[in-house]
């Protein structure tokens, strides 16, 4: 019997020891919204602007769309940098996020950045009038195995759709938005999310992860450590895989815990460890880039205040967040795999969905 | 008598002890081409899409436009990162440059990146057919004081023009290309270039710098160390300056010396010291980002070879390159100032040219 | 029946897909020597200079002890930096190793560095005569749970012993040298090593790892992904563990593959992923620091040559090294666990050996 | 008439626009203490343990010697890393300073680190009893041109003297402590300090710098930008200079402004710009390493609190601190030059003091 596509936990499998948030999604963090614009058309012989389009854009609004006027503390880490997150240099320098975060395919980064500028100029006329500027955040993975990437099909319309439909619901996962044409360990993947609740004394905080997941080779795939990829390899022997394109992953971590920029940078590294646990060795051609933000301690863009007061977690209490970030990352990646169906795409390529019965069989 | 705008050396002033290349320009390095597309229109009352357009794009082709098929070793350094060079993460990770380098205004980075993708897809159909991708390199400074930046006037046409008119002549300097609307230490600036020849044993190598120069405050401006800005302040007391926007500088260093990626990263830091010597303190709002490449030891994109043989300079001989990079950076910045005229722009802003007679008067 | 302490493979368990070198040890790389000096005395009530001494020093000679006259290309990565590798800044800057690598306890870093200076001054009188200097490399983990660390028992004699007894045999593992008093995931650990052979075309290269292993919590321990720590926790419920001291790990990677400094830096990150796979989340208090060197392309200290030619591996062939580094790291950590017996130490602390029958039972 | 050695301002020369603190010294910051132990003996033919000893150790106590129980926020930057600051990795990771900062010669780093451990173990018995550890901070420059460095003459006694005599007076400058045998731009140098007062609204903050100064070549020396080294070169033509040893500089910045770790890291870079302005090109062999700390927002080592609240300066007000740091760095370096006399040392080397009359003549 074929199981209906679902999230990992719906198969009875959970990863780690921390409880999830109510939605087990990055949107468990108050104020975080996510939206997608998905483009699927054509049947996929080949060639630029002729073949299958399997792409899109995902928008994460860390502060409900108010990032420009009220920025969030932010950090990041590059595990392997054969990829792009436009705006990363700025995030690292100032330690803040002041625009939505967009995720798309490699060759549409420019289009999304331009669109984000146009959108923000329209939304905030002061951008033009005050001689102010912003640097949009646009992350990418390479969906060229399934998508006519050279056709650069993501346009202003898609960016606006992703931003304006963003909401606080459980994040739609799988082959949607920027993740539409993505592949993980030779299985169809895309967007995935997960969250964890960390208790520190009497306080509860949420750590949420959203990934656009596109990395890896089948034999390396691991489920909570279990090397399930080795088994799956025999089942999928005939299957034609992408070669010389290992893929990438962009991961976004959000939390409502009061972390400093310095702590967010450090926390971002642990997301890298989570990616490693699912089977990534951060291949030469991989862009494994992590962004992190905290919704506590918001920073006003305008105003004259000289100081701000900041509540911060002592480092001696940060370890649970490290573990929670690893767990949520693993589960978010798996959710990007289990929620989606197989896909036919460009150049007549086919990418199978990960077989749920095999997953379910494995009980750790 | 008003002096005709010219390069710093035409005023009888030279910086440093190394001789320049024949053109005293980054194009002294064999294979390096530079082109501009300049957009000047409107008289500049204000507001988005209504005011003065004073912007453009500059293209640097480090390997004569063959960067995609034959990449160059590259590195970089972020002195202050409140700016953007799209593709920087990739350069740092792989240590190569595989696309042209584009320089433009802050809000046109996306447009230029998208245009570069379209241009390269057309030039290299394998990009679509081989499921290959590239990440364009686009650096920016904020020209919003003079330019209707929110109008995002740089389009595909401009990018193609900059790339296709690129040549090996002395680089056109001042208010051209990406530098059209730029300001340095409250004076009109833009693109500048300079080069130095370093002799190591019997071999001569060239270090060339190109800057898009947009940083600083008048009182901090220095000429070969001499604090000329303090004097100029009294002359320009009435003059209305930009505030809360310190500006930025993107610097590109090229050399034909056989340097490794590791050495190029280190060399990039010295460009930062050169910027500091002209008066930058790398302000909070400044994007002072440096890229470096070597035209020796080219890397073929396609092919099966497992190894390559690399000739490299011993570190014990690298110091002259450090000094040469500092000198050329200082002079490139000054060339961006002395070559351009004053400009009227958006919001009826006016930016004066640096007074050449004052410069000439100063003999170090 | 109690199994005799042995290496992981002697239990029938191997990690990963690459074959090991003949010794499955970092000494499989030609020219790499390792020696230990182990200090065990006292029965361990407590207090400075009164209690149990369970410590020592391990010396790795990457170039057979000729590191000063003939340096090796080197790199590194800090996964979490609550630890110390003296000399790391220099390694990262110059990309070379020019002294032995010493591993010891946290409070003996100074003593070892001083001893290494004295040893080298005696061995190379030119150090004094030529006005030359060196910066010794000394890594540490905190063995204070079992060792009277504040007594600073490691002296010049121990450093010389470790260096002078260094040899190319299979590395002695477990509670020896710098690893004498170390603990991993609440089990007795110490020094471990492993190697992998990577074939690139017709060439074979070795990747070897040596760890001084001192990190983690029992419940997180994993064996080739399998979360064995969760099971072991129930068996060791009563057992008193160290708290507020998560520990650390120093890992040294060597290879004879012709890698550049840039590639060694990148490779070092993958060792971090291997550490993560065994269960580390790189805790706040952990010093997870990785050094890497290549024995190909040696650099002469003295001489006038301006250039050197080196053979380098194309990045497109580097992925197997990434995987091999992860595998060897996991196995080296496990070898540090399975080879050692339980230990009683300072403050009457007891640390059990990992139970081999439980390990053996688990067949992945 | 020969001028008496004095500080730069005593010659009528000041650098920059910010006022100094009352002592124009890092000790203007409340709670910062500095002490020296100076070792001068022997007349200096040559050879290990036979020649001239011209060395010592300088101790900076950022929190009056209470660093262990009450740590300070800290950061750093490596401009060029051919040098050592033991403990730097830890400072960067945790963003705190929890031990005194010691400055000495290259080959005495180990001895100082060991001595600091012994000193702290004695002062804080809990270090042994609580299984706690510390990683001492020891920076170095190479004084081998004048000092019998291979003799490693700095001992426990010297470290204790430097720490215990530390006080809040104007820092003793020139050839004292760690700076005893140091050289800057071929002139005798050593320890220098300077401070600046920055007003933000109604609040005044102090930025203080202390340098151990040992870098550069005469022709590059600059005084407030003015290339005085070029002139001095002709006067000192005959003079035998050190070669193949460019030297180094360790700079320590303190401030009472409420800066975050992230801000302190960024501020540290500007100290590098200040070093560059005096003439450093951060040579290949140079260790130009900067540490920064803030005495605001102290962190208790022991206790159970989960959070701490801190007051932080908005980034938009940080620029004056950048400028002040550059100014103070320049002046601190100059104070290390003008305050000291000439010195004869090892191998019959002679290093002249910078001629004060030439300095005074120059009025910027």
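Chains here go by letter, A, B, C and D, matching the order in which they are written, and residues are numbered from 1 within each.
Here is the rule we go by: a residue touches a chain if its C-beta (ideal position, glycine included) is under 8 Å from a C-beta of that chain, and two chains touch if they have at least 3 such contacts.
Owing to the predicted nature of the structure, the values given are computational and were not obtained by experimental measurement.
**Student:** What chain lies farthest away from subunit B once each centre is taken as the mean of the Cα atoms?
**Tutor:** C
**Student:** When B-C is set beside A-C, which has more C-beta pairs in contact?
**Tutor:** A-C
**Student:** Using Cα averages as centroids, what's the distance between subunit A and subunit B in whole Å?
**Tutor:** 34
**Student:** Report, in whole Å, the distance between the mean C-alpha point of subunit B and the mean C-alpha point of subunit C.
**Tutor:** Inter-chain centre distance comes to 45 Å.
**Student:** In whole angstrom, how far does the Cα centroid of subunit A sit from the Cα centroid of subunit C?
**Tutor:** Computed value for the inter-centroid distance: 35 Å.
**Student:** Show the residues in subunit A shared as contacts by 2 or more other chains, in ascending order.
**Tutor:** Correct list: 80, 93-94, 266, 284, 315.
**Student:** Quick check: in the complex, which residue numbers of subunit C touch subunit A?
**Tutor:** 17, 79-80, 219-220, 222, 224-227, 244, 246, 266, 269-270, 272-273, 276-277, 280-284, 315-316, 318-319, 322-323, 326, 364
**Student:** Given the complex with subunit A, which residues does subunit B contribute to the contact?
**Tutor:** Subunit B reaches subunit A through residues 46-48, 78, 80-90, 92-94, 106-118, 121, 125, 127-129, 131-136, 138, 140, 142, 144-145, 148-152, 242, 245, 284, 287, 289, 347.
**Student:** Under the stated contact criterion, what part of subunit A meets subunit D in this complex?
**Tutor:** 93-95, 200-201, 203, 258, 260-262, 266, 299, 305-315, 317
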